[in-house]
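Two complexes come next, and they have one chain in common, subunit A, joined by subunit B in the first and subunit C in the second.
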Partner chain A sequence: MALNSPTYLAFLPLILAVFLLVQVRARATVLLTASLLFYAALGALELLAALFVVTVASYTAGLLIARGQGARARRWALWLGITADLAVLIALRFQTPIAEAVNAVSVALGFPGGSPFPPTLMSVGVSFYAFQGISYLIDLYLEVAEPERHLGRFALYMSFFPKLLQGPIERASDLLPQLGTLGKPTYEDLRAGVLTFFWGLFKKVVIADRLSMFTGAVFSDVQRFQGVPLLIAVVLYSIEIYADFSGYTDMAIGSARVFGMRLTQNFNRPYSATSVLEFWRRWHISFSRWILDYIFKPVQMGLRSWKTAGTVVALMVTFLASGVWHGAAWTFVLWGGLHGVYMACSVLTRSTRARLLKAIGMADSRLVRWWRIALVFALVSVAWIFFRAENLGDAFYIVASVATQLPASIAPSIADWSHNLLLDQSWREAAVVLVSLMVLVAAGLARSRWNLHSPEVFIQASPPWVRWVTYHALGFALVIFPAPATRAFIYYQF
Partner chain B sequence: MKPWSQRENEGRLGRFAVGVTLWLAILTALSWGYRGVCRAALQQPVFGVDDSADTLVVGDSHPQSSLDPAVLVGVENVSGSGESLFFTFYKLRFLLDRNPGIRRVILGFSAHNLSKKYQDSLLFDESVYPEDFESYYTLLDASGKRLLRSWRRGFLVASLKYDFGVPIQFYRYRPATKILLGQEVRRADFDWVGGFYGSARSKLDDEQIRRKIKLYFLDERGRFTGVSDLVVQSLRLILALCRDRGIQAWVYTGPEHMRFRSRVPGEALSAFEAVRAATALEFPGTWWLDFSENSLMDGAFGDGDHANTVGARIISAQVRDRLAGSGYGPQRTTEKR
Partner chain C sequence: MQTLDTLSDVFRKVFGDPELTVGPETTADDVEGWDSMSHVTLILAIESRFRIRFTQKELMSFRRVGDLVKSIEAKAS
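Moving on to the complex of A and B:
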């Protein structure tokens, strides 16, 4: 079930009630049962099977690593576990290209009839818990985490329902200790959890789902637009994917918090980053940490004799792998490749840029800071074009049209503003988008101004009347201004 | 973090209860007001058809695109794209209640109007015409709502909005918004009203025809999914409504290009003929106009199953000639509400 579904809105309080009513030692069992029910509700047996295989493989390999006598036995156990996790991940995530390859080989060998494994299996959530299993094994191998010997607790670590479908990808050292000390959530936990959950729901159903109406109208048929409307769609998509994914994360964090548990913050105002490197420290943080620790660092270490060139190659490998993980399509490969290029350029020019700014006395200039924020947003948005476009042709059409037709399209866009500026949506929806984006920006500025982790900290520290107005306004916004149609979370497919 | 104490718990629970009660009280007050506005919207005196019209055209995009009121004098076309006959019944009843001078109804009825797969998608599928569903919902009575009742989001939203007055996306319902802003409400503000839609475009695309045949008739395995009982019942209700009110009912089957017609599954055509025969027996006063095999030129079709403006003029002239034999003519001067 999706976190924004009415079913989940009934499921969460029900599980919380049971959690609070049972004895402390039964609480982990309640959460594990709830997690399995939550996953089973998707109606796909293969998902439960995949979760079972990854959990048992990671648990067993973890014990073997912990008990292993000698480096060779530990390494053998590590690779066994990683191979099992990756095999499940690849089999489900890449079933379409695998089936196509099997078909091609069958035809080449003169065996017509197609693949015996049609690509019809679901893969929701598999990436996230497979990555979590791999990180657990590597951390054990590197002795930065303790092995979990209780299978039930380990299974809960892998399957805890708020983060099961889209993360955050939790480290063993962050989540496992919390599962061992499940107590009664405090009042602050409940209040912060509920508020964070509804703030995430607001970002999803009011902002992201509504923006997807605008962007969907353009990306589904890009040739109908030129210049300005394409630029608007690209900017709106950058906001949409942030509101969608961070909305999910907030709902996951809020859901966990009501049980007294804290999940990793996955987003920290990413569009206020002043470099692409910083963007990745603020965007999908748990995934960025994962690819940094388990792809970039090993590759960079392997190529350390190449010095800067080794770092550049490691960055390209890391981000291309990230792109491929998102899907076996050239659009995703280019999206990852673009980020690799951005990062490589950043590394290669860092000292030159620093010297230049120092020479002209603008090293600490606020103007330069704003320019950097705008530039990073533009670069990231260009990459999102490839992420969102239906195919490479559409992506290149958008890039070319924005690059070459922008000035010429301004006057026609104003003349036919309903088509080009409102992207064929009503002005009423545009007004709601505008107001809700102002709320989003205000929340971001408040977090920046008071250096807060999340909006709920700001609300908790506010006078009672501010809290009450906020609660009521959020409640009414969710009732009155949800988008007309719901959309699945964007990262649901990954 | 502070542990809970009983006194703190009581204080917090008390404040929580007050907060929730206050929120619900405000929502109830807003809902009460909004429900009144929604009801007032349907009481607006804007549903009267043109003084010279004594014939209504109802149905989906087939009659909407092929029966041109500019040719059919005295006819008002209120057909709507993707309109199920289930909704047509409620819409027609609503309009007849407010236009007692209507003497004749032309009802669009083709094989796809019966197809269970297509009609179920119009009535029950979350993703198909969600706005239209909400718009038609305002016309339904209790039995109609009972037939459509489900957990789909569209039904829940429509029910909360129009039955209980919860102002969900209130700004999207133009008539209510106009009343709130003190502006004049027009018939065109109601999305369900419909009207003639003429397009000069002509594009006969085999791939599009194939997709439409699949959309209308075939399931994932390419099999015909049968007839929707709900729609057959709606057809009977419409004809009974006309009969009971002394209104002449003409059931009109619009033109389909041969490339489209030849791909309609044989079972669908047989089922259509069977329903038509049974209905003709049950309602002997009904007139039948079948243009499905009319050999219009390619340039008269907008696509495989819709006439364009050229085709609409031709078909409308033929319909006018057929109607002439039944006393058709621009003669209405009766009252309306």
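Moving on to the complex of A and C:
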């Protein structure tokens, strides 16, 4: 079930009530049963089968690594486990290209086309727990994590429902110890959990779902627009994907917190980054840590004698792999490739830029800092065009139109503002977008200004009236201003 | 102790900070400029200074300076 569905709003308190009522030693069983029911509610047997295979393969390989006599045996167990996890991931995530390839080979060999397995299987969540399984095995191999010998606890580590569908991808050393000591959540846990959950729901149903009406109107038929409206849609999409994905993550973190558990922070004001490198330290943090540790570093270190060239190759390999993981389409490959190029250019010019800024006395300039933030936002937004566009042609059309028709499109855009500035949406929707974006920016600024890095800091640092105004405003916004149509989370498909 | 002193010297040269000293518990968070980009320069400098070559597994499991020292001393003995 989706975290923004009414069913989940009933499911979560119900599971919490059972969790609080049962004996301490039964709590993990309650959470595991709830997680399996949660996944089964999607109505796809293949998902439960995939979860079963990845869990058993990672658990068994983990024990083999821990017990392995000698480096060779441990390495074999590691590769066996990784291969099983990757096989499940690839089979489900890339079933369409695999089916197409099978068809093409069948036809070429003179057999009738048509795969016996049509590519209609669901794959939601598979990437996230397969990545978690791989990370668990590598950390065991590197001896930086302890093996989990209790199969039930390990299964809960893999399937814990708040993070099952879209992460965060939890490291063994972060989540497993918490599962061994499931206590009673404190009042503080419940308060912080509920606040985080509803703040995430606000980002999803008030901001992201509403923005998707605006961006969807443009991206579904880009040729109807030139210049200014395309730029507006691109900027709005950058905000939409942030509100959507960080909204989901807040709901996941809040859901876990009401059980007294802490999940990894996945977003940390990514659009305040002053470099693309910093953006990736702030955006989808559990995933960027994963690709950094398990793809980038091994490739970079393997090619370390190439010095900077080795780093550039490692960056390109990492981000292209990240693109392909998002989907077997050229748009995703280009999105990943662009980030690889940004990072490579950043590495290649880093010392020159630092020397230049020092020479002109602007190394610590606030102006340069703001310029960098704007530039990173622009670069990341250009890449999002490829991520969001229906196909490569649409993406290039948007880039070309914004680059060449922007000044010329200003006057016609003002003349036909309803189509070009409101993107065919109503004034009311635009006003709600504007106000909710101001709330989002204010929350980000407050977080930075007063160091409110988590809801409990906000709760403890604010006087009661500020807290109560916040709770009521949030509740009011959720009841009065949800977007007219609900949409699945963007990362649900990955 | 001598390994740590030599290692501190390598760190000072790589990060261009003559005041820098590192201890067994030092991590990348404690040294300004020690990120995944400068890490490769650091590893190359250490390998060249101690005339050793780390394995991929060692490189991936380093978490703090103490891990580096342990690995260097194991290779030297």
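In this section, the second predicted complex is superposed on the first by the 489 of 494 C-alpha atoms of A that agree within 3 Å, B and C clash if a C-alpha of one lies under 4 Å from a C-alpha of the other, contacts with A are read in each partner's own complex, and residues count from 1 in each chain.
Quick note on the criterion: a contact is a pair of C-beta atoms (placed from the backbone, for glycine too) under 8 Å apart; a residue touches a chain by one contact, two chains touch by 3 or more.
Since we're looking at a predicted model, the values are computed, not measured.
Superimposing the complexes on subunit A yields a three-chain arrangement in which subunit B and subunit C fit side by side.
When the two complexes are overlaid on their common chain A, residue A:450 makes contact with neither subunit B nor subunit C. In the overlay built on the shared chain, the residue A:293 is in contact with subunit C alone; subunit B does not reach it. Panel annotation: after superposition on the shared chain A, the angle at the CA centre of subunit A between subunit B and subunit C (CA centres) reads 170 degrees, nearest 10.
Legend: residue contacts after superposition of the two complexes on their common chain; A:427 is shown touching neither subunit B nor subunit C. Using the contact criterion defined above for the overlaid structures, shared-chain residue A:417 touches neither subunit B nor subunit C, since it reaches no partner. After overlaying the two complexes on the shared chain, residue contacts for A:371 are found with neither subunit B nor subunit C. In the superposition on chain A, A:111 contacts neither subunit B nor subunit C. Taking every C-alpha of subunit B against every C-alpha of subunit C after the fit on chain A, the minimum distance is 27 Å. According to the touch criterion, subunit A has no shared surface contacted by subunit B in one complex and subunit C in the other. Here subunit A touches subunit B in the complex through residues 6, 184, 186-189, 426, 428, 432, 468, 471-472, 475-476, 479-482, 484-486, going by the rule given at the top.
Within the complex, the subunit C residues that touch subunit A are 35-37, 40-41, 43-44, 56-57, 59-61, 63.
Taken together, the subunit B residues at the contact with subunit A in this complex read 1-4, 8-9, 12, 19, 22-23, 26-27, 126-127, 130-131, 151, 153, 156, 166-172. Of all residues in subunit A, only 138, 141-144, 277, 292-293, 296-298, 300-302, 304-305, 307, 310-311, 347, 350 touch subunit C in the complex they form.
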